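Starting off with a structure, shown below.
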Amino acid sequence: MSEEAVHRALGMTDAEYDSLLAILGRDPRPAELAMYSVMWSEHCSYKSSRNHLSRFPSEAPWVVVGPGENAGVVDLGDGWLAALRIESHNHPSFVEPYQGAATGVGGILRDVFTMGARPIALWDQIRFGPLDIPKNRYLFAGVVAGIAGYGNAVGVPTVGGEIAFDPCYSGNPLVNVMCLGVMKREQLVLGTAGEAGSIAVLLGKPTGRDGIGGASVLASASFDEESGTKRPSVQVGDPFEEKKLIEACLELYEKGLVVGVQDLGAAGLSCATSEPAARAGMGMDVDLDAVHVRESGMTAPELLMSESQERMMAFVAPEQVEAVLSVAERWEIDARVVGKVTSGDILRIRHDGELVAEVPAASLTESAPRYDRPISQPEWLEETWNNVLDHSEAPDVALTILRLLDDPSIASAEWAYQQYDHMLFLNTVVGPGGDGTLLRLKGTDKGLAVSTDGNGRLCLLDPFRGGERLVYEAALNVAVTGANPMALVDNLNFGNPEKPEVMWQFRQCIEGISAACEHLGVPVVGGNVSFYNETDGIDIHPTPVVGLLGKAEPIPLRPPRIDAATDDMELWLFGPDVIDLAGSSFEWVLHGHLGGRPTAADPSVASAVLDLAIRLAGSGMTPVLHDISDGGLAVAVAEVCIRSGVGAELEVSDWRDLFSEAPHRMIAGVLPANAESIQSLAQDAGVTATKLGTFGGEHIEIRTPDGEHVVALATATSTYHDAIPRRMG
Amino acid sequence: MVFPGSNCEHDVVHALQLLGADAEIVWHRETDLAGIDAVVLPGGFAHGDALRTGAIARFSPVMETVKAMAESGAPVLGICNGFQILCEAGLLSGALIANRDLAFICRMVEVEVIDTNTVLTAAATVGQRLRIPLNSYEGNWVDPSETGRHVIRYTDDPNGSQHQAAAVANSAGNVVGIMPHPERATEALLGSEDGRVLLEGFLGSVSANV
Amino acid sequence: MKVTVSIRRRPVIADPHGATVARALADLGHEGVRSLRIDRTIYMEVEGEDDPDAVRDRVAAMCEQLLTNPVLEDYEIVVHP
Amino acid sequence: MKVTVSIRRRPVIADPHGATVARALADLGHEGVRSLRIDRTIYMEVEGEDDPDAVRDRVAAMCEQLLTNPVLEDYEIVVHP
């Protein structure tokens, strides 16, 4: 095979190959070609998205580390820092759901403890096709088992997330995972190689031929013929090794034994050598013969491209190497000295005594190609906006509520989160099942709240408004626990970026997310992009997922909970009464309709409602506070009733109020004695407050102009809890 | 006692300190436990649950000393994975296998105390019902020999455990294994304080023992 | 009719538990274990005494559909007459 | 030297995995499975080509000490010459 053919087989375009020739001024050696092909891949170089990601606001006084490192880091005050990051493992999870999801968890954990932080919690955002298709049940069960299997065993609780089902994910499930870590300021470490003379120590699992399909091309072109058949399609995660790696690294940080650390993920050693060197403006000499391996006879390209899990590269001052190796030994993990940082900017790699690569370290990262791909608004969009559903006919409200509670995207996710340890570390104050998760930070009076949200239908109908509303929804979820939004990470799951319509959706979502973040003063500190989520040329709905971190200080003594309603409470609604059914669960679940144009967020209303939510949560006067999202007011009330085991009676002036998913709205359970003070709080905030009715009884009774609609609490409860188990059999 | 792969050690220490005990973490390679009056084997996944849960941990150097202490009557408590290790080590009878429904279960369960003659249940009363979080995949206790004393039982049957046993003791009552996590139920803020009566009983029997 | 299905992870796929056990054996002083892998075996009693080949085919179908993970594993069926 | 250790759970001990799989097979329309149990098999490469009996004894020692739990399991060692 000619070199040209090889670079194409490695996914490099001729133009990219030419710029590589220009950089080297000669033909690349096989190992060099291997490194550039992975480092310049979409996944590692963000070549289609970089230009757009720069649009995100990423500055704020409390941002310690913004996008560009393995995880974002923000200042929590009193010497505490939080590190957060979100990442996708969509395609591997389709190939092998258990291991795909498991290794996704392992990867995001490494991104966080690479920064010096101890990972304290995980959130999973997972999306599949409908459960009536066996393959989707298999994928769903496998992914949940994989997250549980790895997260529980590695000893990091999975305290929340999101589960959604839609036909567009049938051939392409989405598996995103977010991780939050905390550390004392002194422990912060960056992914830098440090000064000339620093020693590179490779920690963790031996390197095997994992996830290097590409290398087979090289191998068969230049090395042993049959080695192509030796390659595993799937990587197997080892949470036990990762647990030891976490403890070992944290001890290294506490003892101040490292100058920098880089995890090995995509692009393995290629990335873990070139990136830290480039960040430090240094070069590096690397000896592949020193790398500990799982299989014999691995070639240089294989060693450089291998994505074997549970590995970290530490950069250490020469006099500390002994100490580092003994920490590794105590934790019973392998550690090898594999390289030395050099002045200048050249990355030199030897294997079997021979020089196999000699390239400018920075050229693998900074000189990676960037594309401004063509962008155009889909023609079908206008049409879709005009395709509105006629709502003159009132539906059977009671039946509609049950249909919505039976929708797996709305129903209880307990089937999944019961399989996750969500209590480890004794921090979980408000766990899965409500809105945002609320964690306490032991040794302080701080609470950390996180909500992760995505909405493919909204973003398909209007990617700008959808992106904007995602951020406001996440913010409200965090606010109802009493926390102030402070930082955001995003995971951009999109279709094929070579289609101008997809790039338009991508750009619009980024604009929407950015606009909301700018208004709220919330910086984007990190994220991830996943393109090419398509099946047979059909792209998924544009599905950005945001993870928002908020801080409550002091943490509320009695934070609002979804399950705290009692029969002596009044039911209140806060926020504008706007009717918006475009893209709603009502239209989709009941009518299979996806059309119309969702209303835009209203920034000033959003701020007012957020402030009110935070004040109410802190005041302890609203034992129940729950935002209105999928399924609208009716589902929000039903969820509170079901979780609390108490009925409710309420009245609305228009049945559509019950199912409207207009933003910036929440309901509360309030003791009559507090009703007045709460009203005045709302007044001060400039938020409309409406008493809808009261909690109590065995039924959810709703009065509309069309009459009285009654759902037995018992029926609602079993419907809501059985929806997923019933389908999973 | 911390084994590679344990993960509840800090939680146990936190809870015990909350109850006024002075607790420290001991690495599994230690052999000298001088000055230590009682032992807790915390939950987690020692050695990644390779082969059988607890199978490898039982050979850790520290376990020799733990056995000696157990025989001398010192209070020894195994929680979750710690329970599994005590069974593998032969300090408790029976063994733990996968939950009946083959799924990891993390949720609040209700248990009933049925025997108060152990270091863990000493401060509780027979028939007392407690809400404590369960968190395990291999929580299904089997004891073909029928020699184990089950001292706490689930009021429902979450995992198929023989006699619905949630906690098991040796005949002397100084070695106890419990599957749910009492250390996760010691603060109202986190949802339940029912684990206190167990851990307080355990600490009580420690001072009684020395 | 007794049937055994030996299911084995492909050699190239890592087996973390096997590696951990091998290490533990060495720690316990058991020398000379060059490699160790832990796999599943399924022991079945299947109707159809008269026709072993039919039984094998049926079990093969079970393996393809449910018993094994084709992405990670190979299997071997033994029918005991 | 290749050694296989078949570890089988005592019949009196429940086998949740086996039970679940048997149910799933029936649901999928696979008839005639009278009983089904899932057990572990350990495949080892052990030094000592010259002396199979010694190898067997060493592996038996590993089984007694670590590889099996007498409360639950019986085992059978096959040394492949």
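The chains carry the letters A, B, C and D, assigned in the order they are written, with residues numbered from 1 in each.
What we mean here is this: a residue touches a chain if its C-beta (ideal position, glycine included) is under 8 Å from a C-beta of that chain, and two chains touch if they have at least 3 such contacts.
Since the structure is predicted, the reported quantities are computational estimates derived from the model, not experimental observations.
Student: Identify the chain pair joined by the greatest number of C-beta pairs in contact.
Tutor: Comparing chain pairs, contacts are most numerous for C-D.
Student: For chain A and chain C, let me know how many angstrom lie between their CA-based centres, rounded off.
Tutor: 37
Student: Averaging only over C-alpha atoms, locate the centres of chain C and chain D and give their separation in whole Å.
Tutor: About 10 Å, centre to centre.
Student: What is the distance in Å between the mean C-alpha positions of chain B and chain D?
Tutor: Their C-alpha centroids are separated by 29 Å.
Student: What are the residues of chain A that contact at least two other chains?
Tutor: 238, 240-241, in rising order.
Student: Where in chain D do residues touch two or more other chains at once?
Tutor: 66-67, in rising order.
Student: Which chain B residues sit where two or more other chains touch them?
Tutor: As it turns out, chain B has residues touching two or more other chains at 47-51, 56, 59.
Student: According to the definition of touch, which chains form touching pairs?
Tutor: A-B, A-C, B-C, B-D, C-D
Student: Using the touch definition up top, name the residues of chain C that touch chain B in the complex.
Tutor: Going through chain C, the ones touching chain B are 16-18, 20-21, 24, 27-28, 38.
Student: Okay, in this complex, where on chain D does chain B touch?
Tutor: Against chain B, chain D makes touches at 10, 12-14, 16-17, 20, 66-67, 69, 71-72.
Student: Can you tell me which positions in chain A touch chain B when the two form their complex?
Tutor: Result: residues 148-149, 152-155, 238-241, 243-244, 331-332, 417-426, 428-429, 440, 442, 557 of chain A touch chain B.
Student: Give every residue of chain A touching chain C within the complex, in rising order.
Tutor: 95-96, 99, 208-210, 230-238, 240-241, 294-295
Student: Which chain B residues qualify as touching chain C in the complex?
Tutor: Listed in rising order, the residues of chain B that touch chain C are 47-51, 56, 59.
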